[in-house]
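One chain, chain A, links the two complexes that follow: it is found with chain B in the first and with chain C in the second.
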Partner chain A sequence: MATIEFNQVGKSYGSVEAIKDFNLFIEDGEFCVFVGPSGCGKSTALKMLAGLEETTNGSIRIGGKDVTDLGPGKRDIAMVFQNYALYPHYSVRKNMGFGLKMRGYPAAEINERVEEAAKILELTPYLDRRPRALSGGQRQRVALGRAIVREPAAFLMDEPLSNLDAKLRVHTRSEIVKLQRRLGVTSVYVTHDQVEALTMADKIVVMKLGVIQQVGSADELFENPCNLFVAGFIGSPGMNFFRGAIQNTDGRVFTTFGGAQVPLPDSLAARAGKEAIFGIRPEHIVMGQGNLQTELSLVESLGTEKILHFQVPAGQTIDNSEFEMDDEEDRDAESMRARIIDDHKYQNGETVNMDFPKSKIHVFDIETHAAIK
Partner chain B sequence: MIDFSSPRHRHKLGYLLVAPALILMALIIVYPIVMSVDISFQDVKIARIGVDRKPWTFENYEWLFTSAKFYQSLWVTIKLLLVVGGAALAIGFATALLVNQKFKGRALARLLVALPWAVPEVVAVVIWAWMLDSSFGVLNWVLLSSGIVSKPIAFASDPVAAFASICFVMIWKGYPFICIMLLAGLQSIPEEQYQAASVDGANVFQRFLHVTIPNMLPVLGVAFIMTALWVFRDFAIIFVLTEGGPIGSTTSLAIMTFEESFKFFRMGQGSAVGVITLIICALLSRALVSRFAKSVN
Partner chain C sequence: MKLSKFFGRFSLYATVITLCAVLLFPVYWMILTALSPASELRAYPPNFLPSAPQWSVFTELLANHPFDVWFLNSLKIAVVVMIISLTVSVLAAYALSRFRMRGAQSMGLFILTAKMLPGTLIIIPFFVIFRSAGLIGSLWSVIIAQATMIIPFTTWMLKGYFDTIPNELEQAALVDGCSPIGSIFRIILPISAPGLAATSLYSFVISWSDFLFARTFVVTSDSLWTLNLGISSLKGEFVTDWNIVMAASLMTSIPIIIVFLFLERYMVGGLAAGSEK
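Entry: the complex of A and B
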């Protein structure tokens, strides 16, 4: 049994608060991913769990045991680093067996376990090479191997795939998930890539500026983001946003998009007259029907799938600075995107009808950015 | 007109650009070397430009390889090299490890460590010569008044004490450079290797043994060879402290070169010693360069 528990954990570097009020419970055998833009404190949280950084306050438990004051070697965890951190002067075999050797296992058993891990990771032909004679993907597997031979209570991984090229990344991603399922070891995985988080995790922890925003499964986060940040961060291409007033005439609740009415759930009637931020995912926009009209500013065709760009109506754009988005994805608050799979040939400049289905619209408070149910 | 930006002529521009530097280097580096090799093959007392040259002869080298003084100087140099190289490396490594730690006043500590290196050699040695003086030296005063010795140590006239004081000053002067080099090496070891090792359960000593030492081996090798080269060539420390005495017990190859040439005015023989030293140093540099090439890979 190795559950992991963060209890009111905080971390300050001088006056900088890198982690605030971090509370989290990870089940035994669960694959948990910390995700958030770079600098949000994911690595710091992981290093505190590993014992490489001390906590400023709060406590951490692994398998029910308080490890807050234990060193990394005594926490029974294994860690995989972004740059692999292999020992360059030792062979793959020695790298993988290092942890067991430090713990005083007999040489025969170390060798047996290393051979077995090498078989799982298809590293057997490389056991007597030095890390520098391996490719990036192979080095990554050696780092994984070093972790699994120890049979630890938990695996910790800090952006283990970010040094690999895109194709290998996708491949290794599924390899890691399969390995984790097979071994059933509780794992904590850090990434800034929400696609990795969605595809790998049982439990996703979305962080921003050292604070947990939301914890949940991929579906929960995708369908019910608890605030504007999570809504914008999860999903690719990201959710579209526009602002508008909630109106209520004769029991019909709606807002407007470029003058046309967009029906809203009745539960929002109480907020009539107030401004709000509305969100709709690109894949939920329906084209070719409905009362909304817009002119397509750009049509990107990806074969079967098309990304249609159009402008947010004047006065309804939201301030870009309200997001601390990924650097990779430069969000353009002026335009919206729809993701469509149909047979219609869309043209740049074409005027199209579309619909924002009522059940797919997310509503956020204009001040607190919290989701309104 | 040749277009130097075309791929066909690009390399020619390179040669053209390094030519002035090459010519200058040839003049100020190669010419004196050629001169001393030339002189070492002649029976010259005092070399003068414009005087008729003497016929070439192996006399100087024959003298050299049969002279006890040469072998003694070689032995003194090797002893110096081992003692100074070993001790400076050990002390330099220890201080580098120390000032690589995080503590308050680290910047100041690093500056203090580097200080002996920054003092001009002759100035430093004159000060040490004074401190080691047998009648007025502060060191003898301390040793005497604290009762460690009963009569002053004659640092300049006792062979063992003279050799020891040369070693001491050389180490004092040489370790800061080693320390700075090793510090740079220590800082280039990725932090993650230490973190990985501590997650793997290695304690401080095991991390030193399995991470620090293997990562530092190439740098340690280079540092040792650099020190060796310096010990071979250094002149000022020995000359100011003991002038190679007493009775040749601190005469290194560099001192012998000087003595033969300018004390006994046997420039041919002096040059022969110099040429042999040059060859040894060249072999050492060769080892150094291939070490560097290896550690860069």
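Entry: the complex of A and C
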């Protein structure tokens, strides 16, 4: 068990900077998740921590020891790969014991540890099978088993659930969290799935284009995103955005949404007259009250909850080019969504009243996209 | 539906049987010629089974010709060429497959063009080089020439195989404490057994059946003749004992069959199955 530190770490491929000025401290026993869209550098950062990629500058410490120039085998880490990377010519038992064998452990101890890990992961009946004779979920557990028998200082996991089907993914997600809590080993987990990040992590590192955007707990990132990117990336469905001017009339600070006033915190009074981007999460929109009126363009019923779609007023949309999300996360810039749990039978085309509570409105600088407190 | 299935299966078996018959007929004819009495060799209509198999033809071959010397020379050449080409092509193919370096792709294509040159085209430069190096009249001349011709192709065969093995397997081995070389020997090569077996077989068969290089580089020294050179010497100016020629050919084929049967078990694909999702 150990702390992990990245100090001014950078990684360049020729003139392309994949990771820039990466600084991070992970506490002993913490479950840290790197999350971000494809190409944001999260896997590169993990591979640098594992020693599978060299750093261009900066240093990495595990348990206080500088490991920047050490090979992967000397860093006392274990890694679970996205495609499991099980040795196909070895049995499950040999796969799990391989790391210990390489470190010169006696056969009896290897066997004892493998049996113990197999019991935890319910792999005992499969110990003498080859990986090809296992299901995807079982292979995934063997990959985890290979990591835990080593009792390393840190677990590194590179999108280990991405090859599982949705149901198994949810189950395995909770199994990994329970296992990590039980073993108490510092863990770094990479995913592009923000739901995984929010549900598993003690600490989330949101990345974009090789730069850390924000570090914090799930609640911190959800409640107080530091910029437009984090606000849009964290949360599902994502935060709604619209542009408008901050106005101050007779001490009342507000913006407008389709002509109607939306009250804003008094702290924004000093910015009156300036344009800004406003954000409100779908679950924070209150339906059936307030002075904002809109026509529902689509009603999606998910059983207990409903997702209501409505249009952003003309002239108040935020283009995707401004939004800085990657193509996969492309969103409908002209539409907003509300997430509602109530008994009202909403209809497509219905005109409804709604309210954006003042305390739930997020405000971002139109130039820098940084959150305005 | 059932009728079309029957006809589908029937035409499949008919095609397979016809192909096997065409491919195996020369082998059958070789055995028949070796075992038939001389009087039956030119009989018309031909006999498709010898009236009295002449098993003595094999003892006659071994007693009257240095077949054992030819066999040993061919074996030395084939085994050494196989070892050299396997060693060089494993390292070269691994480098081409794994290391991202400028010009790697064009280097790979350039290597392959070497394979496209016919042996007859490069035999003269080979001869000049070997004569300068004092290798004419040595088995090494045949070994080097054969290895030079075989390595480009085996490198490409193995590169293709290594390309299919995910990088993560080596990375997992490195994290588990293997050295980079250790990860090749413990993980990559065992998984590549089918590719290595196919490469070995190709190398063995090509060098075992060499005639051109042996005929050019070692023909002047009887003790260095290979099987194919020896067999060609069995053809007389006026009379050719076809029983002996075919018996020698038959015995020359046997090692190839043995090597194939030995390597066949490794040539099943899908050894890497199960390593991934």
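Operating definition for what follows: the second predicted complex is superposed on the first by the 364 of 373 C-alpha atoms of A that agree within 3 Å, B and C clash if a C-alpha of one lies under 4 Å from a C-alpha of the other, contacts with A are read in each partner's own complex, and residues count from 1 in each chain.
Going forward, a contact is a pair of C-beta atoms (placed from the backbone, for glycine too) under 8 Å apart; a residue touches a chain by one contact, two chains touch by 3 or more.
These numbers were taken from a predicted model, which means no experiment stands behind them.
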Chain A as common anchor, with chain B and chain C clashing or fitting: clash
Touching partner for A:N163 - first (chain B), second (chain C), both, neither: second
Touching partner for A:F98 - first (chain B), second (chain C), both, neither: both
Which of chain B and chain C A:G136 touches, first, second, both or neither: second
Which of chain B and chain C A:K373 touches, first, second, both or neither: neither
Touching partner for A:A85 - first (chain B), second (chain C), both, neither: both
Overlap of chain C and chain B interfaces on chain A (superposed complexes): 50-52, 71-73, 77-79, 81-83, 85-89, 98-99, 102-103, 146, 150
Partner chain B, residues of chain A touching it in the complex: 47, 50-52, 71-74, 77-79, 81-83, 85-90, 98-99, 102-103, 146, 150
Touch list for chain B against partner chain A, complex: 190, 192-193, 195-203, 206, 210-211, 214-215, 217
Contact footprint of chain C on chain A as seen in their complex: 50-52, 71-73, 77-79, 81-89, 98-99, 102-103, 130-134, 136, 139, 146, 150, 163
Chain C - residues contacting chain A, complex: 166, 168-169, 171-179, 182, 187, 190-191, 270-277
